[in-house]
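Next come two complexes built around chain A: one with chain B, the other with chain C.
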Partner chain A sequence: MSTSDLTRPTAPSLLGAARRVFELSFGEMLWSRRTIFMALVVGGPVLLAVIFRVVESFGMPAMRVNGAPVAGASIFGVMIWMLYLRFIVPVLGVFYGTALMADEVEDKTLTYLFTRPIPRGAVLLGKYLAYLACTSLVVLPSVMLSYFLVVPFGQVASTFTSLLLDLAILGLGLAVYGAVFAYVGARLKRPLVSGLIFAFGWEQLALALPGYLRQFTVAHYLQALVPHALPSDSALSLIQGLFRQTPGATVAVSWLAVFLIGFLWLAMRTVSRREYVLEQ
Partner chain B sequence: MTSKTRYFVLTAFGILALGLTTGLVASLAGGLPVALTRAAGPDDLSYVPSQAVAVAYANVQEVMASELRQRLKKLEPDTADRDDFETKTGVNIERDIDSVVAAMLTGAEGADHDSRPLVVARGRFDQVRIEGLAREHGGAIEEYQGVRVVSHSGDGHTMALGFIESGAVAVGSVAAVRGAIDAKRSGRNVLSNTELMRLVGDLDSSNAWVVGRFDAMAGKAGLPSELQSKVPALSWFSAAGHLNGGITGTFKAEAKDDEAATNLRDMLRGVMAMARLQAGDKPAMRAMVDSLQLGGEGKTVAVAFSVPAEMFDALEAMKSKSERRPADIR
Partner chain C sequence: MANDTVLVSPAAAIVQADHLSKWYGQVSGLNDVTVAIPPGITGLLGPNGAGKSTFMKLMTGQLKPSQGSIRVLGTSLWDTPEAFARIGFCPEQDAFYDRMTGLEWVTALVRLNGLGDAESRAAAHRAIEMVDLADAAGKKIGAYSKGMRQRIKLAQALVHDPEMLILDEPLTGMDPLQRRKTIRLVKDWARRGRHVIVSSHILHEIEAMTSNILLITNGRILAEGNVHQIRDLIDTHPHTVHIRASNPRALAEHLMKDEGVTKLSFEDGALVIETRQPDAFYQRLTELAASGDAGAIAEVTSPDDNLQAVFKYLVRQ
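Take a look at the complex of A and B:
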């Protein structure tokens, strides 16, 4: 046995390598320019919640429907639907997920990652985990703050369970959308445009049409888990509500898990096999 | 991980941990400590003694300004009594009263204040005029805990009115009015009844509501014992309504156990089915019956209803018909 055999370090496992990439990427992702956009996006609901609380503290109901003041818990439900589930989560998934590899390609730093003795898929996995940690640590506290600002303290006991569900659903949504758009980012040339078309074009259309097309969307399964009532804020929402066929919770969670694992695996496989040509 | 990143992560986890802990404590304890919560319901609940078995509230201004009230005014036979009341007291019910809190109090059995109502009204009252009116009719004026109380005896009962604060009066028996003053000063009032206040909190957005103990009120209402034994074992009930063009409301009852609640729901389903049969081809009646929604789970039974404006159109038509008929006969 030669001395070199004793001293040669073993290559880290997939998870070990992913953890190293995560540690490297988390700080970079958190303090990137994209995070300013994320802060503005998740800060919006918190600002609305502050305004709501201030208006309510003056004894004026902040929101009325048919002359009847709307309770805080209902307003929180509307915020979860309208702001977080339909906009913030898909947007963050698109902007961050599609950029996982694209940023490294654009900055021409991909080479440094690929020359390391780690599986290429671990690079994507580590970056995906960094995205998930980064977005969860920004979005979920924002939901928590909005909840305690909007829902009266007297109703916390009765609505806490639905808050826990909301947090879990939003976390799951970030994970699934991130996986889907990580694959889109790894596979396609213009992933951001494709991602936006998917999230705000295809999903909205498929949910409004009757039939089986809705099953090819993430939103169909995610919205099935939400404990709040679907608001009818626009003609599209009304049409979507009309054709809404809600799958059971177990079915929804199962399909979301399939999407998550499936698209993540596809993304890792694509990164492993694709030949990246960096423009000079 | 840089220190900046570390602080961010700790802050985010801190917000999540604090929120989850607060929510968990609230869930397990049935609510947050009173100091952290703004008490549900109107501030005048602080005048209702803790032994109240039922509390009601009405936002008189909103009710009077509603479209429904304007329609019902046309159906009133005459306003002579109301005009007489205004002339004597200077109080116009539609204009001068903003809100009313009413309570049914219990006291020692056989005592004069046993099961007496208490009404706390907020608005604009001419204290001098009311005191003058009381003196004219042989009433007495005293001061209790710094509050002017006007009392008058007649038909074996003594009624009292206390000017409890600027813009608010308490009306009831002498003991009830004194009890209201004591409840506010001592803090021993209905706000400490967590069960009742929990129900009030759910109704806070309505412009008229009532919450009470069904079993206590059924006994005081003097229902025959045979009927009381047949009524499902209910503990709390609440009813709330919102008046605008019509009336929308909910009625909730809490049964003693799940079985009683299931039986009550079954009974209500039967009543609703019979109502649908009776509604037949009357559109307004049909609309109201169709609006009935039965719900609730566990020990709670809830019925939501909506009386549409068309019902009141039908009432107006009936009144017009009855007024025309004597002329036709002539």
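Take a look at the complex of A and C:
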């Protein structure tokens, strides 16, 4: 053993290494080109909320169902379900989750992370945590902004708990979709296409079909947690409503936890074993 | 030629490759390489696409061998990443987190070695100073010149004070002054009892750092050992000598009788001889010069004395 061995620091543990990869990746991820795309995606509901507020300020109801005006809290519920949970969360999961390793490979910076004394799985875990922090930091403020624009001040006290629950569900959705697509990104060669097919093909189809297939979707468990009444004004929603079998909250959270841990573990294992050939 | 030559015992070797092969689909990146690299500085020399980077990626566990095995400091880095605490790697690719400053980047990377915040920052400062980039430490890497980017890459490789440096084309893009400083840094590193494996496709770069080389081409180790051993390897093959003389034709008449001479020609007024017995030939030439029988001999040069020629010759085989 050389003298330098005696003073050499101990290599960080999996979690310690993941934390350090997180700190390295977070800023890079937050200020990446993809963030512009993310800002546009989460800006949509805020823009709608602004339009709603402007229309309301002229004394006109922004939305009517069967001639009756819809309350702000209900509109916010629709936004949470239709825009955030069914669209924004899966989209961000696909675009960020599948790119966790792909970005490092494409930018050829993976070498610097893989030639340090840390488990390779820690690289994936650290980048996943950076994704979660990054998307949460952008999505959750957008939800809060939409909430305060749409829900009248007088209804805030009675609906604030529901907002907190919405935020928790969205955070959980980002975490689970992120884990699923991190695995897809680690495993497949064209992860983005596969991810989009999963989120907007498979999940929509499985939810619409009767039987047990819906149990293999993330959305099935997430929708069981939504405190708002689900909209039923589209043909697809009506079909889904006919066959809806919503699991209990405990079952839903348990399955989401299984998805989260299972796919994250699989993604880390895949990264640890996969050989990444960087093009010269 | 020297594909299975081992110049150092496996126990003493810092890198031990055993029938190591790597294929990218149908393309061979490295082909049945068995080699033991001794301690100190070793140069990995070969043209672009020869397999140097593949060999280094296999060494550093970035690639998994298709066949055979490779151990660095007694460990397979593919499944033992902890060993990177003892190894620093400077890759060839010009890839960075461009938004970070040099200091931030090196600090963030050395933190992955388990150093605390203050220690990491101090180590990064030291490493950046070693590569002469202290003035630019606070600048974003995206604003660095090619030479500065090379040096910051070198800084991240040596920041944790490793026992062994693996440097893939480290001098690319550096100006002559930076090259000289980097070469000195590498030699100083080895003087402290550490090991360096450095690749280049430019012979004089390697020559300036070490006489212990591995010649690699087409995914094979073509020859290994020190420059003189490499020279010995080709002494049995045609050896070219350029002679500038006052009367080249008279000289040619004398030398064509020499047993080892296989080819004789004139180029730009110089006599060019190809011989299979260079030692005997030089002795005869000295005798002729001393006697003056073939006129005055002004200059004798052999491109084969230059490592470049050795390399070209071996690559042609």
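Convention: the second predicted complex is superposed on the first by the 274 of 280 C-alpha atoms of A that agree within 3 Å, B and C clash if a C-alpha of one lies under 4 Å from a C-alpha of the other, contacts with A are read in each partner's own complex, and residues count from 1 in each chain.
Note that a residue touches a chain if its C-beta (ideal position, glycine included) is under 8 Å from a C-beta of that chain, and two chains touch if they have at least 3 such contacts.
The model shown is predicted, which means the values in this text are computed figures rather than measured ones.
Chemist: Should chain B and chain C be called a clash or a fit once both complexes are overlaid on chain A?
Modeler: Fit: chain B and chain C sit side by side once superposed on chain A.
Chemist: Counting only touches as set out at the top, which of chain B and chain C does A:115 meet: first, second, both, neither?
Modeler: second
Chemist: Of the partners chain B and chain C, which touch A:144 in the superposed model: first, second, both, neither?
Modeler: Only chain B; A:144 stays clear of chain C.
Chemist: Please indicate which partner A:160 is in contact with in the superposed arrangement: first for chain B, second for chain C, both, or neither.
Modeler: First partner only.
Chemist: Classify the contacts of A:250 with the two partner chains as first (chain B alone), second (chain C alone), both, or neither.
Modeler: So A:250 meets neither chain B nor chain C here.
Chemist: Counting only touches as set out at the top, which of chain B and chain C does A:23 meet: first, second, both, neither?
Modeler: Both: A:23 reaches chain B and chain C.
Chemist: Quick one: the Cα-centre angle at chain A between chain B and chain C, nearest 10 degrees, please.
Modeler: Approximately 160 degrees at the chain A centre.
Chemist: With the two structures laid over each other on chain A, which partner does A:277 touch: chain B (first), chain C (second), both, or neither?
Modeler: second
Chemist: With both complexes placed on chain A, how many Å separate the closest C-alpha atoms of chain B and chain C?
Modeler: Result, nearest C-alpha distance in the overlay: 9 Å.
Chemist: Is there a shared patch on chain A that both chain B and chain C touch, and which residues make it up?
Modeler: Touching chain B in the first complex and chain C in the second, residues 23, 27, 31 of chain A appear in both lists.
Chemist: List the residues on chain A that touch chain B in their complex, please.
Modeler: My answer: residues 23, 26-27, 30-31, 61, 66-71, 137-138, 140-141, 144-145, 147-148, 152-157, 160-161, 163-164.
Chemist: Once bound in the complex, which stretches of chain A touch chain C?
Modeler: Spelled out, the residues of chain A in touch with chain C are 2, 4-5, 8-12, 16-17, 20-21, 23-24, 27-28, 31, 107-109, 111-120, 275-278, 280.
Chemist: Note which residues of chain B are touching chain A in the complex, please.
Modeler: 1-2, 4-5, 8-9, 11-13, 15-16, 19-20, 22-24, 26-27, 29-32, 36-40, 201, 204-206, 242, 244, 248
Chemist: Quick check: in the complex, which residue numbers of chain C touch chain A?
Modeler: The touching residues are 24, 53, 60-64, 81-87, 89, 91-93, 95-97, 99-100, 108-109, 111-115, 119, 156, 160-161, 163, 193.
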